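Below are the structure tokens for one structure; questions will follow.
Going by the order they are written in, the chains are A, B, C, D and E; count residues from 1 in each one.
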């Protein structure tokens, strides 16, 4: 590696400039030839080139060769966003023996060619940015990345199918996993389904073995009824605090015999059962569903008489007997864990159809959501698998309305991806269970997936009706005698070209998928971003779909966007693999963008100390100066901007480097 | 001021837009001045001895070893004297805050010349000037004509007019600062051109109250000394007083703070800072306690005059230099 | 059975019409239409329409100007805005129908003695003359120019209105009528100047 | 605060009862209004459908006149309410329209500054006066009179923000404050046919019939409206609709008539005599002791 | 017929093209601007972005330096309050912004020339609209003409009383 110290004078700086065409992505809007010519005219630029794809191997080789041939000691690449290829070009510099941080990238794709139409204005803007980079890079100093060790255990948040799969994958690889689920059982939405499309295999049959495996795996610490409340640290070295909500039943003592439930002073359940979406009732002491993992009952303090009055006979305690598992005095407890990586698999919630008053949900009792119908069809559900209306009658005609809370600017703009397929599944199952006439109201039928289109074909064969049109209204007012006493669905049959009114006994609303209502809190807790709709934001939509912008935090399943079971499982596997790749590297490099105090110059005014949210700045009494702990510093630069005497510098973002950049973009003729 | 010179170094003093306090500081050297005087020849010092411009004009270029010029550049006469002295001097030293950064006269940059003239010659309550007569640069009467220097639209620091070799900061520079600077200049090795001849560390470094400053100073209100009984021991910022010390170069030994008054920033910024006001603003604002915008505004509104506070001595030397001029006046016919 | 060729050729499309519709006020988002038919389903008048609003959206953006301007649907719209506020793609359907109606009038694409354009004409004349509308006179004038028989058919209703004092025969007027004229002239002048 | 009042043409014609009763109610509730000086036709939907630009200019004259002394305009007629609101939106959104309007106003010495808010009486009564204040002033309780409030289209769509666009309830809240009962029926914001009844008469009949019959099926003794055209359509063609579909007559009033009545206004001052279907028998049945 | 075609009034004269310097934080606004790119949104080409790790790194000196070197406007983009990648750097920015705005006002720099906007990584459209709005506002204000080299000339040519 050349000695950088000998490059101290500006005359010694030799910049190589490279502009990437990116096919026509850049060259179509920015005059790359002119840009290269312009760069060549700038002081200190020794080489200026344009090339079709700078990120390709030959493109990188070009830089490496020039560094050797032209004794370059600074490189500027004008191409795509630095967030995409800064690492690529830094490695190229490294291979050529130059410190990787002597590179500056100019973003002329995302910030120029893709957002402007006027070629002249775009080229001018590119020139300004290039000039700024050339001026700035002259001041760059060689920097070294920091290397830190990685804690080999992983936190998985969310115990739906994605979280379960990720946890099992990691545990099988021998890693310690903490699986945190806020409900009393794992299983998530999948546990509520009856069958899964398109194969129609029973959801419980394929899910419960995995749930049990999680419950018994030696490498998995399963915490249900628990929530992560605090996260600190950085990649490889996170600390999390987990809150355990009191279930008023001691985990280790409850054997899941359920005798307490039978003995409860309530002979019948009086509380709407969450798992059955209120279609049945449960007691204050309950097991969410028969296959729940863990098999530990839970007491709901809002409905338990002992909590309300303190005067219950406590027949449950009696029934529990010597096991002494019931503890009304239980308090919430906390655990602190240290982990190297985090996988978020916090799932989704279904659209609340009350928000769309025209579909009649909440107004007409025979309007159901698709999830409710899943429970109706499920053999262990509230009707033991019978599809019957609230009055006990079997429907003779059923309308399934797609896109409730999807593809609609008034609610959610996105396609929820799974509804077409689950609507087909429900149409099939309803027809199978009741023999009813089934109408599907859809906008576009979306069945991309292995075996999915074939399933659609099967439904067409079964004689299910398909009306292409978004439903305008579900109402109970009759225009025609055949409509009396029915729910009337009004929609344009767009393929026929006129409006139809179709009377049915039962309406099923295929509700879309939405981010969890606390998605924003969760993402703040884990310091990641959300897309505008509230789905967790991946690092790159194609190339890093399970990574986030926070190193060491991964996302899996429907918390990232609507996903069916196969996709969620695949993503969970991918997230587990990413976490394994991180952990098995044993250590990780951190960006060297940290700040440091110029000790001689520091006046010890202490202004910076409270500016640091990471407590990285301390006041050294003996020296009466501030000191920055590099390990704790995350490199935001807030203290640098706040130091009144300019005595803190941030690597790669030094004041003078930024001044050069500002003056560079403005130094146009 | 090399030792190799057979003659004593020739020194000049001059006074532009300033109050004269800097030269007072020279006199305040007391006995020490004798040592200095013994080592140099003073060839030009209008405030102390009778010299005329033509005396300087008659000197050879570069014949003055060092000129200490205090005051900002406000008038045409000051500008021409600055240029003249620059050409006659080997070293030009900006003495004091006014020539270093623009100083108190620099606050005039918040106004334009026309409104200043109105304010001073037409509107004062003690003046009756119904015709709105303003001073003229050229006046002719009875075959005699009088010329007066013209006032510039903008006040400038010395280095915005001519090349400056060194700076001695302060309003005024303390005798100790001045003496230390002179000793550096008389020494064998000159510092890098452009150096400010004072320590490059902020004032807290030498503040007697340093130890009483809390690690987490937070502000819920900024106060002025007249609004409170000031604790004589405790850090003034910790008491809510707007002290510029953390953003001001040291060297004065915290004179004001010792006098129970907050630092107002006369020594200017450290060498690492381009704009003293911006930096102290950044520091103080980020220590405001609240996260609520209305509350932030309320706390910050207790600083009644941010520009006058943060740029008291350095408006012309700041990044923006002056208030953005309104519509520029059309040029008047030349004299 | 009479056979009619229904095939359409590219030459049947009017690109100018496409450009116009997507730049007209309210037409900004017409390309986003996903043809879900919600507008038709919501429309209280769609039961009478030859082309449902959804079909008009598509015919318009594809440039089938003849079909669009010849459609009865554009005259049936009552501006109840149900289509517009519920459109899942936020298309200003009602505003677009207004635009189509204006275009049809401009191109004189409506049946002779068709009431709506006549009503509009009478309306605007009355506003220019008085600054306000006197409903009784407006209705009389419209019927005189469309179907005098209907006027007699409605006479029962008219009498009822007269009897309940809801059909004053005195004409409502603004005091500063010159202002209204100046206002209207200025609009015409600016429209001409900017060619809008 | 004094509101500017914009009656619009219909309230001087078919909708006289609306104005009479609304102003009476305002007086009894101490809501001060001042009629906009020399107002002109708003441009109305008919005009808007054929010559929009002119209609914006006409509407903006009213806005500019009101703005001189007032910050809020009350526009009771649904069409006027819509047109004035739409004009404000379009002047904001489309520079060309702004230019045309500004120039036109300039010729008559007016200026539109977009400082005035257009509000519907329902909005004012509900949010500025409040149902509690109204309830406190009720002198003639409506004794559980079953009312089907009919909103129609243009005060809820597309610009209104004071109530839900699909299921508005402001009329319910006001009338219940007067001691009435309101009935729930599915068509309260479905179009009555609007001006089509005048131009394509056959079309509107079905719509009118469904509205009336659904309201009655759910127990309505009276239908209340907020729009002169809706009121006219719903009450004038009951016979024709009845011929088609078998239908009994139901009185159609402005909500303001019942409000004023409940607040103690004499029955003959609030246009009750102007209705085609007699209301007094209904009051008698309900033992409503109106003044 | 009424249309949204650019009218004669809009296209009649050559426009002044303002230069705006923007400071975008790496985690939210810079990403949003990247997303605007990948979404091929179009906006005014007048902004030059300087990337910093956090809006909290924006030293008020940078803002003044940009104005002093010829910027007609300065735009700071950071994460929404509560969403800062570094917990609360953006609050520091907010506080500095409030005080700096007052200083700029006293220095005769119009308020619309200095803007702080919270734009999350997902809000590409907000990048587009905020930039377009700012460019329009600054365009209406005209050039700031504070560039130092211009000032030097101006001083030299200053007319004396």
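Convention: a contact is a pair of C-beta atoms (placed from the backbone, for glycine too) under 8 Å apart; a residue touches a chain by one contact, two chains touch by 3 or more.
Note that this is a predicted model, so its numbers are computed, not measured.
Traced through touching neighbours, the fewest hops from subunit A to subunit B number 1.
Chain centre most remote from that of subunit C: B (centre = mean of CA atoms). Put simply, the chain closest to the centre of the protein, by Cα centroids, is E. Across the two candidate interfaces, A-D and C-D, the one carrying more C-beta contacts is C-D.
With chains reduced to the mean position of their C-alpha atoms, the one farthest from subunit A is B.
Chain geometry summary: the mean Cα position of subunit A and that of subunit C are 49 Å apart.
Once the centre of each chain is set as its mean CA position, subunit B and subunit E turn out to be 33 Å apart.
Spacing of subunit B relative to subunit D, judged by their CA centroids, is 72 angstrom. We define each chain's centre as the mean of its Cα atoms; on that basis subunit C and subunit E are separated by 45 Å.
In subunit E, 2-4, 7, 9, 59-61, 65, 88, 92, 96 are the positions where the chain touches two or more neighbouring chains simultaneously.
Along subunit A, residues 358, 611, 638, 641-642, 655, 659 each make contact with two or more other chains. Each of residues 273-274, 279, 282, 286 in subunit B touches at least two other chains. Taken together, the subunit C residues at the contact with subunit A in this complex read 34-38, 40-43, 46-47, 51-52, 54-55, 85-90. Of all residues in subunit E, only 59-61, 63-65, 67-68, 81, 88, 91-92, 94-96, 98-100, 102-103, 106-109, 144, 146, 151, 154-155, 158-161 touch subunit B in the complex they form.
Note for the complex: subunit B touches subunit E at residues 76, 110, 113, 117, 134-137, 150-154, 156, 160, 273-275, 277-279, 281-282, 284-286, 288, 291, 293, 296-297, 300, 303, 306-307, 310, 318-326, 328-329, 331-332. Residue ranges on subunit E touching subunit A, taken from their complex, read 17, 19, 21, 26-28, 30-31, 33-34, 36-38, 40-43, 45, 48-54, 56-62, 65-66, 69-71, 82-83, 85-89, 92, 96, 120-123, 128, 147. Those residues of subunit D whose C-beta lies close enough to touch subunit C in the complex are 9-10, 12-17, 38-41, 43-54, 57-58, 61, 82, 90, 94, 96-97, 99-100, 103-108, 152-154, 157-158, 165, 189-191, 193-196, 198-201, 203, 206-207, 236, 273-276.
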